[in-house]
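Should a chain be cited, it is by its letter among A, B, C and D, assigned in written order, with residues numbered from 1 in that chain.
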Amino acid sequence: MAVLIDLVLLSMLAITALRVIFLKDLFAVVMLFGIYSLLSALIFVNLDAVDVAFTEAAVGAGISTVLMLSTLALTGRTEKENKRSSVLPLLVVIATGAALIYGTLDMPPFGAADNPIHQHVAPRYIEESPKEVGLPNLVTSVLASYRGFDTFGETVVVFSAMVGVLSLLGAARRRENSDDAAVIVAGFKGHKVLRVVAKLIIPLIILFALYVQFHGDFGPGGGFQAGVIAAAAFILYALVFSLSHAMQVVSPKFLQLLASLGVLLYASVGIYSMLKGGHFLDYNKLAADPLVGQHFGILIIELGVGIAVFAVMLSIFYAFAHQVERSTIK
Amino acid sequence: MLVLDIVSSILLMTGIFFGFSGAVGLFRFPDFFTRVHAASITDSIAVILIIAGLLLQTSFDLNTAKLMFILMFLMITSPTASHALAKSARHGGLLTLGESKQQQKQQKEQMQQQEAGQ
Amino acid sequence: MTAVLAAVCIAILVIMALALTRAMKAPTVYDRILGVNMFGTKTVLFIAVVGYLMGRPEFLDIAIVYALINFIGMVAVLRYFEYTAPID
Amino acid sequence: MHLGLWVVVLSLFWLLLSGYMQPMLLSFGAISVLLVVLVIKRMANVDQELKQVDFRLSIFRYLPWLLKEIMSSSFHVTKLIWSSPKDLSPTLAKISLKNIPKEKRVLYANSITLTPGTLSLDINKHEITVHALEAASVDELNEGAMERKIAGLWPKKGEEK
């Protein structure tokens, strides 16, 4: 049964991907990408990888659609005709592909039960983590505790993505004279139903994000997903009530502060555990009982991740949307 | 327990029937606005029936509440999305079936008048 | 009961395939959005049903996320039209 | 919608989502609800639209009726899909809003969209533009069963004459 569902989903995924390649209308491409990420999230669900599906749902279908659309608003909607011959790129791609396939020949067979990863790493996590970390959700134990360094690195990468976008597009500033902003606002003022429904649903989205943040230890979820969902709520507000309104609720400056605060919060847990005589991010030293220490450590670093991701996502959206507004006004 | 299962199966199957009909309507109806009606079948009655069918499968705990939330969110957001989409389409200049027929008729008449004038 | 749920799963997949076809071959850009939106709501249902089929009701959390995120995506698409007029 | 009511709704939402009754998670819940209320307040200060969202529990009296309505019109539209979709006579009509108080108009518009066969296209101060699959559904709306149901949901303060 699960295999059948997988096959159907995968073939739908392949058809969507093929259609995306041959479409010239980039708007249609963005729409199909939305479907693509919905499909891949469904495959993750079907494979029982709930946390990954969660992330894909929030990031792939939500934030990336919004960001790609704002990029389209900046760049234009049709793909440029490529006049150059595609023989050389094709050759390069074929050569690289062949090299990669040759490389996989040495790898252990895909999905076989006697692969090294199923011999040492996975069983250890499954058997020892309830004793060592003590969280019901194994994925969170691995991500936040065993792989705490990686997750810290990822958070820093997300942060530097924000720095990159802001330095390319310019940081959005709160506009003082709201005359030109009024032009934009007028466009969506007509959507009364949308405004009322958004008003009703935004608080629920934010609360749901906070629920995801604090229940990452028990079920699917955690800081990353929570940050993205919360950012999506504010993006909805910005889309419906205009960017300048959103910037008055959460200012870009405050977001930049929050983003660095999130990363620092994560790092400070590491440094604190070093001061306590452990290694960097050694949660066992945070409290007298190692399990309690683990629990506290994970809670705080997840909070750091959540804050950082939220602030970064929203800042990037602000930067794009601000640029779009500026380019349409002039 | 068996009665619940039967009722829930009936609900699920009816929901699927409506959902399928709506999806077919997406192809059989002549213009965009009528197709929104077809899609709204799958968004309203099919969702209600399928979630109701699943509700009977729960043991009336937190999952029941979560299913209710999903139903509630969909009932709030999907008509809003349909409305906003139809509104944008209308403001974007898409004509309804009657209007476009009328427009064609007018154009034809104009053409005929021009021909008669020549 | 599992058989019924499995059948429902397959049926939702069929409906999703129809919506996908509409989104791919759309006469107007609005039809495309309509197809994508319908695909999104069916995804929510699919996740909920699969959750029960596989005996993992925690999937409902993901279904909730989808129900919310799908709406935001739709609003973003409509907002995009404020800046650029549709072509086809 | 009043801030106090929001606190109740949000707390309920949290409890039903979480289901954990440990003091630590409950306090996280309290903090979260507070945070969200803070955000609501900030948003309301910026856009001045807090009052636009009006929600009362009496809406639950309306839902069964709406459900029945959705059922019957779904049957109707389904019949149309399978029988003769080519000779539809879709119509546009304007429905007056003068009997519906301001804060219930969105509910009215969404109820129209939610019942298959009718779709609200546009809404302004005086009327809703409705697209219907058949002229009969517009007549039904004009008869005003839904209008009366919604208008009678809760009395508006200071308007009881």
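Rule of thumb we're sticking to: contacts are C-beta pairs under 8 Å (C-beta built on N, C-alpha and C of every residue); 3 or more make two chains touch, one makes a residue touch a chain.
What you see is a predicted model, and the numbers here were worked out from it, not measured in a lab.
Chemist: Can you check which chain pair, B-C or A-D, has more C-beta pairs in contact?
Modeler: The comparison resolves to B-C.
Chemist: Quick one: chain C and chain D, Cα centre-to-centre, how many Å?
Modeler: That pair's centroid distance is 22 Å.
Chemist: Using CA atom averages as chain centres, what separation in Å is found between chain B and chain C?
Modeler: 13
Chemist: Taking each chain's centre as the mean of its CA atoms, how far is chain A from chain D in angstrom?
Modeler: Chain centres of chain A and chain D, defined by C-alpha means, are spaced 32 Å apart.
Chemist: Roughly how many whole angstrom separate the Cα centroids of chain B and chain D?
Modeler: 17
Chemist: Quick check on chain B: which residues sit in contact with 2+ other chains?
Modeler: In chain B, residues 22, 24, 36, 66, 69, 73, 76-78, 80, 82-84, 87 touch at least two other chains, as defined above.
Chemist: For chain A, which residues are shared contacts with two or more other chains?
Modeler: 190-191, 193-194, 197, 200-201, 204, 208
Chemist: Going through chain D residue by residue, note those that touch at least 2 other chains and give them in order.
Modeler: If we look for residues of chain D contacting two or more partner chains, we find 13, 17, 109-110, 120, 122.
Chemist: Every touching chain pair, please?
Modeler: Pairs flagged as touching, ordered by label: A-B, A-C, A-D, B-C, B-D.
Chemist: Which stretch or stretches of chain A touch chain B in the complex?
Modeler: Residues in contact with chain B: 190-191, 193-194, 197, 200-201, 204.
Chemist: List the residues on chain B that touch chain C in their complex, please.
Modeler: Chain B reaches chain C through residues 5, 8-9, 12-13, 15-16, 19-20, 22-24, 26-27, 32, 35-36, 39, 42-43, 46-47, 50-51, 53-54, 57-58, 63, 66-67, 69-70, 73-74, 77-78, 80-82, 84-85, 88-89, 92, 94.
Chemist: Flag every residue of chain B that touches chain D in the complex, lowest number first.
Modeler: Against chain D, chain B makes touches at 18, 21-22, 24-25, 28-31, 33-34, 36-38, 40-41, 44-45, 48, 61-62, 65-66, 69, 75-76, 78-80, 82-83, 86-87, 90, 96-99.
Chemist: Taking the touch rule as given, give the residues of chain A at its contact with chain D in the complex, in rising order.
Modeler: Of all residues in chain A, those touching chain D are 190, 192-193, 195-197, 199-200, 202-204, 206-208, 210-211, 214-215, 218, 237, 241, 245, 248-249.
Chemist: Give every residue of chain D touching chain A within the complex, in rising order.
Modeler: 1, 6, 10, 13-14, 17-18, 20, 25, 28-29, 32-33, 35-37, 39-40, 42-43, 46-47, 49-50, 52-53, 55, 105-106, 109-110, 120, 122-123
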